[in-house]
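The first chain written gets the first letter, and so on, giving A, B, C and D; residue counts start at 1 in each chain.
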Amino acid sequence: MFSMQNMIKEAYRYASYSLGEGAPADYIPELAKADTKRLAVSITDLAGRTHSVGDSQERFTMQSISKVVLLATALRFAGFDGVFARVGVEPTGDPFNSIIRLETDSSNRPSNPMINAGAIAVTTCIPGATPGERFGHVLEYARALLDNPELDYDKEVYRSESETGDRNRALAYMMRASKVIDGAVPEHLEVYFKACSLSVNCEEISFLGAVLANNGISPRGGKMLIEPFHVKVIRSLMSTCGLYDYSGEFALRVGIPAKSGVGGGIMGAVPSRMGIGTYCPALDPKGNSLCGLRAMEYLSQALNLSLF
Amino acid sequence: MFSMQNMIKEAYRYASYSLGEGAPADYIPELAKADTKRLAVSITDLAGRTHSVGDSQERFTMQSISKVVLLATALRFAGFDGVFARVGVEPTGDPFNSIIRLETDSSNRPSNPMINAGAIAVTTCIPGATPGERFGHVLEYARALLDNPELDYDKEVYRSESETGDRNRALAYMMRASKVIDGAVPEHLEVYFKACSLSVNCEEISFLGAVLANNGISPRGGKMLIEPFHVKVIRSLMSTCGLYDYSGEFALRVGIPAKSGVGGGIMGAVPSRMGIGTYCPALDPKGNSLCGLRAMEYLSQALNLSLF
Amino acid sequence: MFSMQNMIKEAYRYASYSLGEGAPADYIPELAKADTKRLAVSITDLAGRTHSVGDSQERFTMQSISKVVLLATALRFAGFDGVFARVGVEPTGDPFNSIIRLETDSSNRPSNPMINAGAIAVTTCIPGATPGERFGHVLEYARALLDNPELDYDKEVYRSESETGDRNRALAYMMRASKVIDGAVPEHLEVYFKACSLSVNCEEISFLGAVLANNGISPRGGKMLIEPFHVKVIRSLMSTCGLYDYSGEFALRVGIPAKSGVGGGIMGAVPSRMGIGTYCPALDPKGNSLCGLRAMEYLSQALNLSLF
Amino acid sequence: MFSMQNMIKEAYRYASYSLGEGAPADYIPELAKADTKRLAVSITDLAGRTHSVGDSQERFTMQSISKVVLLATALRFAGFDGVFARVGVEPTGDPFNSIIRLETDSSNRPSNPMINAGAIAVTTCIPGATPGERFGHVLEYARALLDNPELDYDKEVYRSESETGDRNRALAYMMRASKVIDGAVPEHLEVYFKACSLSVNCEEISFLGAVLANNGISPRGGKMLIEPFHVKVIRSLMSTCGLYDYSGEFALRVGIPAKSGVGGGIMGAVPSRMGIGTYCPALDPKGNSLCGLRAMEYLSQALNLSLF
């Protein structure tokens, strides 16, 4: 008999065949410790109900999924024009941390907000007298968007991010050198690294997906959390750039606006249908959760979720 | 009162404000002669009815819109695996005729079938003893997909394409040098240039859009022209790569799977809704029809067509 | 009648025809203030005599000419193998501050010690507990190599360098991210920026050229300041990489191992013949002193100095 | 006792320690057949006497050494300005057949005449009604420059070059697309491939080196074969770009204007001293003859030949 719960169970089962493949992110020592046998699949429907199978309470860090939260926060404070004066909207086909285009593109703007350079540029649009105050805005918003008032960042991972963040420092200084951004680079990176370190679980990211699926309106309580135009912007960027240099193949195989993070999470937002969260920290060479991709593929096929 | 015809009229009016801006493609002498005051908007619904405003009978060459026809033809003959052994599916953010990634990407495969290198690689998958026979497959299929049994290529434009096609020759020889393709380069390019030179009108490309919107089934007669899996492949690639290095912004502003050509046409396919054709030969610096983009934006907003 | 003094006078006259062309470096505010009417030409022969015409006592900062001093210092402390584990020896054809190759080259090492990234990597080879101690080694050595025990760095320029040094910070963090260098980036850059800010005059740089011309032996006093093998290394790198992306043309037109700086100086070392210094702060678009190039061309022709 | 013959014998002995390392060029099937145990060292002094050790009569194809002959021929017919309107003079640090810079450099000119793209551009400057007539100019000049009136090209190698020359075709079409060159690409490549296939021996290339060392005057007979200004141009380009992306290290370790070819030859020209030829078809990964490099290093040290 069809039920959402059964569907998720099947997606979990299908994904679990890939357990044992891939490896956790190794460039941040804290992430390398993750248990690659953990797997979870969650769906939050537009009535606000969350269904899960597997380790859906296991906490992990958002990593690049936080790029969506940073973008939503920046759009809220600086508006569309403010944000996109500093970052473009084009997919690149480059790895997430590439520096080449900052030099070769005539505008010097990073290509889009879903790669590291772009997310750092986005972060500089979030106002505040101190990095603490600025991250406060992100945290407060994240607590609403993920429906967890206790949400916080993981101090150990944050320290590890910061210690190994030289490439992000390079990206930030390149952008300041070409006047795409201004202000104190270490402060911007404090906010950015803390956002990457936000500790979440699979159910919470499925809720974020559901907010985006529901045109920005919380499926629990009905409050408008993101304005509809910004939702369209975010969903289109997730569709074209959300999975690094796998975005094109994900569009073809899954066809759902989504964002992955090297912490092992993938968050999907199916417009007017549902939010999806998956978690498994074993990554493929492009930095996407291997079992998460499998689960997404299953759900897209089984529930006919592809936009294309 | 709402009617499809009124909507198109409004889209036409909105687009016509941009008449006079932009310029026709100048790198192919024949194209530079186009009358930049010509403008047309057509919609074909899934019942096969076509509504038009403006110069919808004016003939122009498909140019890059033919990449969709070439891809459909190649998928039909060589299947998904056959085609995508020679070309990737990732957007690049590069101009349509860039050669850099053929050298820097480890696979040496062109990034996707919507840029020149990729479409040439796709062309090599179309079988036949002679270029004439091979182009015959393309032409026959194009006649069905655009519902015009008289469809043919424009000899003047073909000659002009061929004379000025050195960059495409360079792309082809680079790919043969790295064994991505094999066979006689001049023969592949004959097929490719003839496909680019297919002479169509705005109504016909809206019909092609409608076939893709209707999951491959002809809205006139009900014959399955493209198998559904191939339709999904084509629509996802149009969504992430269809407008060159403007694809990301088009997704954000319009959100319709579409393909533009430097001949001045844009073809859109709104899944389960309609096919759209626009025509005006004045291009923006990225090679997309300026008034066509305006018309697409209007229709997307007015009819709520964005997938995102 | 031939005399060295007359030759220099003619070189000065020939160069002075280009006074008024070019512009001072503008990316460092302090440098933009330079008086572009200042011009000097100096030659130090291998008996230690210095001949000058023009503003040869005018002080300016070494900028990239200090790359030679940094390399000599690093070779002295870390030896050939120590230094060239962190930097290559190939010319690049790229501008002096390009970051692309740090990403695309398989080794991630900067291409050579005559571009910014390479000189920063070289700087990390200079030992010391503090940046002060480390720069002390550079300063002490520079005083000997330029034969001025009072030599020091310009505090205003140093502050200006440091404030506008974001691109160099980006280069340094990129190299630390790929483990080409280690240690504290701000400390390395303090040493590097202070070296760039070393305040010299035209006669002094001609003396440095004479030391290099004389196989490392001071033409005043006869002390071996640089060991002969290191001199060969430095002179060959000056020949292939000393004038940024003008190095090939300089080899063809002048043919002298030389190093230019955006402060307006050019230092040349003609093996077994003489050292040459020129100074004029108006630069061509590639960052080389315009009148300096003219003077070098004249001297190369008149005295038959080209190695090629 | 010192004698030139003894020196060469020692150089041969030193080089022979590397026999067995490296591999012949494999991208041209004919070259892959070469016997990697063949080794020869020849010196031609400025009195026209040639001294040799080893397989100095063994014939091999010039390959990239012909770039020097092509450049000399083009300079003779089109002059400095004619040639360098189509090609630059800067080293690149890229492999010999790279296409990237043809796209990224603002001028679209190839970087220098010592890489494939540059040599093809140079070839287009050689006049004639037919490729046969044009290659005739090259052949006639090569016979004089290498002092062998019987010199001809190897038909087997030429056919092999032509069959596998797709990357060179790509380079040529790229340059014609950006209007750096004009004319029929297949005709230019016929001349270029035939020049690459010129069959020579080690003694003959040492004679070519001696002509260049002797400022263009034949050391046998005293005829001026290349005008002195052109000799300077050629020697400086050999110095900065003659050994592909090993040119910088060769300057440092050997310091002689030289040109290598993947046929296994290296030709050196020590100004006012001698010409050197080496031959061994086993190449290092950068395409230079491994034993040839060893022999050059030995001679440079033993005879103090480095310019730097």
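Heads up, the rule we're going with is that a residue touches a chain if its C-beta (ideal position, glycine included) is under 8 Å from a C-beta of that chain, and two chains touch if they have at least 3 such contacts.
By chain, UniProt protein names: A, B, C, D = Glutaminase.
Since we're looking at a predicted model, the values are computed, not measured.
Common neighbours of subunit B (Glutaminase) and subunit D (Glutaminase) under the contact rule above are absent.
Ranked by how far their CA centres sit from the centre of subunit A (Glutaminase), the chains are topped by D. One finds 54 Å separating the Cα centroids of subunit B (Glutaminase) and subunit C (Glutaminase).
Centre-to-centre, using mean CA coordinates, subunit C (Glutaminase) is 32 Å away from subunit D (Glutaminase). In whole angstrom, the spacing between the mean C-alpha positions of subunit A (Glutaminase) and subunit C (Glutaminase) is 47. Listed for subunit A (Glutaminase) are residues 104, each touching two or more other chains. Shown are all chain pairs that touch, namely A-B, A-C, B-D, C-D. Put simply, subunit A (Glutaminase) touches subunit B (Glutaminase) in their complex at residues 88-94, 101, 111-112, 232-233, 235-237, 239-241, 245-249, 251-252, 255, 257, 271, 306-308. On the subunit B (Glutaminase) side of its complex with subunit D (Glutaminase), the touching residues are 98-100, 102-104, 166-167, 169-174, 176-177, 185.
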